[in-house]
């Protein structure tokens, strides 16, 4: 396989609370290739957004990167992010209502971003802004409108246009459709798929929704308590989950199905532990039916590049 | 109590030196004022104990005529400044506490009712608050003071002056309480636990007092501390301007006013010591209030 | 609306507080004298007629005569107004300029030495009553150093109905201490507000987006953050401007500055009702004018408001 | 006759300016019709779901059925009684209130943060005067906590000591406390994580069987609804565009909008289905 576009190598993000060191992301390793959509899925507190922020260098105190490397196009970026950030990696946030400056025309915000990254005149930048809007499905004649005149879905398109302005190689989309209606969500996800395919942009899609993962991503990484539980091709992981947590997650997700009314949903007992209360060994063992003495003591490594569970050892 | 000792709040307090020091200073001042009659070497309100010959004694120096020594010197009438400050503190603190209590009760009640009931009562109260807000509270207090003075018969003016002062300052500071409480009430009343309370048939007053009130009180605490500092400053200002407490029972502001008169003739201590006391008091309350606000408001964390 | 209300309050004070008949005639007046005066003052007419007349006269700047000195109140105020306005204007300018600059500085350079210094000084500034600042300044600069005058306006130049202290050296020197005294408190307020707003805006998603798009700090602070903090800052500054006029009472007393504030405090002292109610109206008027300007500025800054105004929505 | 009958429910909101401003600007009243002639009926013990996107009027209907909001037109009958009918006898409205309870979306806003769990659950019992004896009251609270999978020891804790899923359990226990016949579930799991959502949905199912409860389920999530409801109404812009038994609706949607919703909804079944078929 080709060289990865981005490689996260044993990354840990920690915070100091009172006298404890808590790990929000623990020893996480991932690779992302050009043109693919990688899903980061997990429940709240699993560390998925934190991972996105770490790639962008947006980790603010009291959080800090306590160990590990982030390598982008062969270059380490975890210490010096200034020049990579924005020009090569962009981000899309969850709530489009607050990701645009309400007091500036969308055109101005686009032009400003383009001029920051490319040596072009204002008129050229303006033309480029128009074609970006067209690409994300917004009538370019609305370039001089203010953000509040757009609906939520339209605003998210503008945000995507902004994210595309520097022509990035990687886009990190953090729950980009959670605040939107189902019908609009489908359109935005289609747009992201189109961008990955036509532009060859890699996209990291952070979400809690297994349905979105199923319909959008090529590969998926399942996070639990800041650790990688399972990673693999989306089809493989969903069809044949190896890690008990992934199994539970897939089985407990309700699906649209005429027969599902009769069945009870599969349920995982308990809830994900708080950061200051992560159990020893495999963090999932108190909720796991297959846990044995080893699980309670030793944290499993990733076996066969797929699943971090002692069951997957052979 | 045990729960309090282990709470984040207390932990935070223990780890913020500013909060601890300001709280300690504030406590010392309060204690000094409360036990003024024990601590103070003289009683400044007792004319019999005054010796005019002791007037203008500089601090820690023997008086030219009587040979007496005073920690902070004396004023023009020979009153021991240290004792006078302690007694003055009592008046300042008393006025401050009472004024804040008045403003708080009034503001919380009006804000709660206005926010919960809405409608014309809300419009009326908030409109009035808006208009009052356009005038600085010190002006409002002065105005109320002036009006009260006009309404009261002259022989009562002197006796009632502290009461009038409390009412003036109290009425001039209710708006922030009302606004904050109304704002939080508007947020709380949309929450689903209130809808549930309605569904199980509680009446308006039960919902307001039992459900909403406990949930809107923490910002009130912050405002109360800050308003307390404001009220003390307002009292000092009014007394300084000569429209506050009478000079025979001087508060800190009155003392500073007296001190200013003797500044040009070189008797600096009459001004300086009351001024420092006032500053220490206001500063410690403000610092503590600031810390309280930062701690109780998770948004700024 | 506000003005009418203020007018009503001042009318009530005017009418019911400290019976003007008694104030004018003294307690020994005969019944006939009283009746004649009540007739002359129009006190025997119904309340609403009296109120209407009061408003009507106020519109023509006729507030009756001061009880003391028997001069027309309007004339008294006119001679005192320039002094107060010059003082207020100077200190407001001082407060706004330094307040906004230090506010932005302390928000951007969080935790630096200078920031901490400014912040702790400002807390002392808030805790120091205005009059104490004045007294201490006099002590330092007038009594000890003998640099600046401690009271009065110095020499003034008459420009028709306006007398100004701006044109003479002694006038300008006299202005320094009072305007610092008056402006310091407002400055700390504006500074703390600017800082708080700036910090809040800098945490918004659209700032994070701009950051992730690689825009420079300069662009973020001035292009994105500054316009968004202008609205609250303008509101408070407007309110403070009004307060400055009212706070001038204290400063004018400390420095024996011959303005309307000094007039008012004497009026309170001697229960001179016409002067009190006229002063109240004056301050109310100032606030209405300031609010109008503030509202117009809003429209200039915020496109959302502009649109809703054009559609006629509220 | 059906247990719950909503007949031609309509609700307007008046968004107009005050009269005087309308006169100055010469503009007509601005009336929003949030719910427009919606009729449906629910059998006793059945779970009926209303599905729709934001602005479809589903929450407004929930409020009207719960009695919190009066319809502008139309009527709601519960067990033959008109919910907003002329029986203004205090006792009757009281017993109506007792019959219908709600479970809400937000696990944070639906519990008073300053109250202990025991008091939160006890409140409806006291308000409806169901049990007078204090000992019996405590026994009942313990029983309710047990029914939703919590422990008796939790009575003296505060809401912030619980996770989101546990708080929803507390909300459910509080709703059960007044021994209702109908529970309106307004997006009860959309703020929860998947694994916890499954727990809460299963609990709701169990309770329905145990107490033969009637559910009105409000949600935007077709997948959740397909596991919970036997009859579904699809709302769009305040109108009911399609209504069918759930098996029928998913197998054979009639209205264009329903088809669009079904195709747009993210569905993990894409993979799990193919597994089944293969």
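A, B, C and D are the chain letters, set down in written order, and residue numbers restart from 1 in every chain.
What we mean here is this: contacts are C-beta pairs under 8 Å (C-beta built on N, C-alpha and C of every residue); 3 or more make two chains touch, one makes a residue touch a chain.
The shown structure was predicted, so the numbers you read here are calculated from the model rather than taken from an experiment.
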Chain at maximum distance from chain D, centres defined as averaged CA atoms: C
Which of B-D and B-C has more C-beta contact pairs: B-C
CA centroid of chain C to CA centroid of chain D, Å: 54
Where chain A and chain B are represented by their mean Cα positions, the distance between them in whole Å: 52
Where chain B and chain C are represented by their mean Cα positions, the distance between them in whole Å: 23
Averaged-CA centre spacing for the pair chain D and chain B, given as whole angstrom: 49
Residues of chain C whose C-beta touches two or more other chains: none
Contact footprint of chain B on chain C as seen in their complex: 2, 5-6, 13, 17-18, 123-124, 126-132, 135-136, 138-139, 143, 199, 239, 242-243, 246-247, 249-250, 253-254, 264-265, 267-269, 271, 273, 276, 280, 283-284, 287, 291
Partner chain A, residues of chain D touching it in the complex: 53-54, 163, 165-166, 193-199, 201-202, 205, 220-224, 226-230, 246-247, 250-251, 260-275
Chain C partner contacts - residues on chain A that touch it in the complex: 56, 58, 82-83, 85-87, 89-91, 93, 95, 98-105, 112-113, 116-117, 146, 148-149, 159, 162-163, 165-166
Chain B residues touching chain C - in the complex, by the definition given at the top: 130-131, 133-136, 138-139, 142-143, 145-147, 149-151, 229, 233, 236-237, 240-243, 253, 256, 259-260, 263-264, 268, 271, 275, 278-279, 282-283, 285-287, 290, 300
Residues of chain B that touch chain D when the two form their complex: 191-193, 195-202, 211, 214-215
